[in-house]
Amino acid sequence: MTPIFERIRKSFNQQSFMQTLGAELVAVKDGTVTIELPFSEFLCQQQGFLHAGVVATLADNVCGYAALTQTPDHADVVTAEFKINFVRPAIGERLVAVGKVETVGKRLCVCRGEVSAISQGNSKVVAIVQATVAVV
Amino acid sequence: MTPIFERIRKSFNQQSFMQTLGAELVAVKDGTVTIELPFSEFLCQQQGFLHAGVVATLADNVCGYAALTQTPDHADVVTAEFKINFVRPAIGERLVAVGKVETVGKRLCVCRGEVSAISQGNSKVVAIVQATVAVV
Amino acid sequence: MTPIFERIRKSFNQQSFMQTLGAELVAVKDGTVTIELPFSEFLCQQQGFLHAGVVATLADNVCGYAALTQTPDHADVVTAEFKINFVRPAIGERLVAVGKVETVGKRLCVCRGEVSAISQGNSKVVAIVQATVAVV
Amino acid sequence: MTPIFERIRKSFNQQSFMQTLGAELVAVKDGTVTIELPFSEFLCQQQGFLHAGVVATLADNVCGYAALTQTPDHADVVTAEFKINFVRPAIGERLVAVGKVETVGKRLCVCRGEVSAISQGNSKVVAIVQATVAVV
């Protein structure tokens, strides 16, 4: 495990909400972070699909951590804002969220990501995000 | 309780994620919906503040339900996308999210909302949202 | 004319694109800026309505200048990002764009705005914007 | 020239604002549209860079037309909303805007795009956009 993976894993494990959701940090590379979440009947909206808020939470986290892979060791990051499109119902055995850094500035990074639902081996994009992450 | 409040309460109660979060539907008026959430140590990010994903979930829900107050009885709504700015850490005893319809179209409504943190009787805006809700 | 109005007018007059569009700075108050634009057949999209890009330009400018009313004298501002919903065709004799500061931070301000079309004395909102303005 | 290129060129040529800006439609492929714009001193903000509104206009247009490449012949498209991050000043001899369709729905398409500035042969991304385009 690389030092940045260690650093992000430590931060991830300190997020009690990630444990409440049952989310798992599965990959950290330069500029890219992946988080997965198994379906749970406790995380649904009124039709039994995974809630948009769950999808947005994963999208936010992968973007923030993707930015963290590109910032100096002593810096921390915070999501200034994000915009997310929901393009399909979040149905399936699990969600996979991937965030990537697009541009790195001294004070702001722009990241993009997708959240996909895995159902019987098929992956479909359910949400698309663009985020502004502040370096603090 | 008005018919639209009844309808939204029923939908809200069917969202298992709202119960997982401990969120409460507190007010439904024409074009405005309010949801509250008491602080919980199970909903935090790495510094112990309420997670941005929790804030975004409330923001999404109040915007969607605000749109629902303005749609025909047989119609349903789904969030097409939202954009949210996080302007302060979500610290406090509870969050209050308020969503309002700005414009109603045949197919799309635009809603705006705020999420505020209540701490020792003081309310501070922690997030500002603008959402596009599709009528389906 | 207040000092901040003077400062913004000077900046506005240096924007050659504002003159190309024929836009006019009409009001500057604490936290609120208004710009108007008369209809011109040179600023249209394919159906003869004012182009979404013209509407977005006004929205961007009123948000940026609204933020400038709340920043220290020596600071300047730059739009980090904005999100804009187009809710009606931009038809009419003129557009009126109003931007307001929602929250002021040390480094980022969040602003909201509307662009309305005035047609035969009636005003209708054609676009709704939420912007993040960086203080530099 | 393909039929869809023809259709988009015709629409583009009917946009008087594109001619006012001096923008050129340079490529149309399945799901991707490219527009270029030479620098002009009439399109600037107060520091002499190309105005954010010009950048946003190109971003909006390439996303809308990219969506049009994926819609039925009889359908038309309109931008419901977009979100754009400005990541560098728009300085250079010309701007190149590229829009791509990400997902196609019956009623809404999500598109992403970049606007780059070309300066002495170097290309740098100056803006990143995510748009929701309605099929009408």
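In order of appearance the chains are A, B, C and D, and numbering begins at 1 in each one.
As a convention for this text, a contact is a pair of C-beta atoms (placed from the backbone, for glycine too) under 8 Å apart; a residue touches a chain by one contact, two chains touch by 3 or more.
Everything numeric in this text was worked out from a predicted model, so none of it was measured.
Relative to chain D, the most remote chain by averaged C-alpha coordinates is B. Chain pair with the larger contact count among B-D and A-B is A-B, by C-beta pairs in contact.
In summary, the interface at A-C recurs among the listed pairs C-D, B-D or A-D; the equivalent pair, sharing over half of its contacts by residue number, is B-D. Work out the mean CA point of chain B and of chain C, and you get 28 Å between them. Per-chain Cα centroids separate chain B from chain D by 33 Å. One simple way to say how far apart two chains are is to compare their mean CA positions; for chain A and chain B this gives 21 Å. Residues of chain A in contact with at least two other chains: 80-81, 83, 85, 108, 110, 132.
In the complex of the two chains, the chain B residues touching chain C come out as 83, 85, 87-88, 102-103, 105, 108, 110, 112, 125, 128, 130, 132.
Chain B makes touch with chain A in their complex at residues 11-12, 14-17, 19-20, 41-46, 51-54, 56-58, 60-61, 78-86.
Residues 80-81, 83, 107-108, 110, 132, 134 of chain B touch chain D in their complex.
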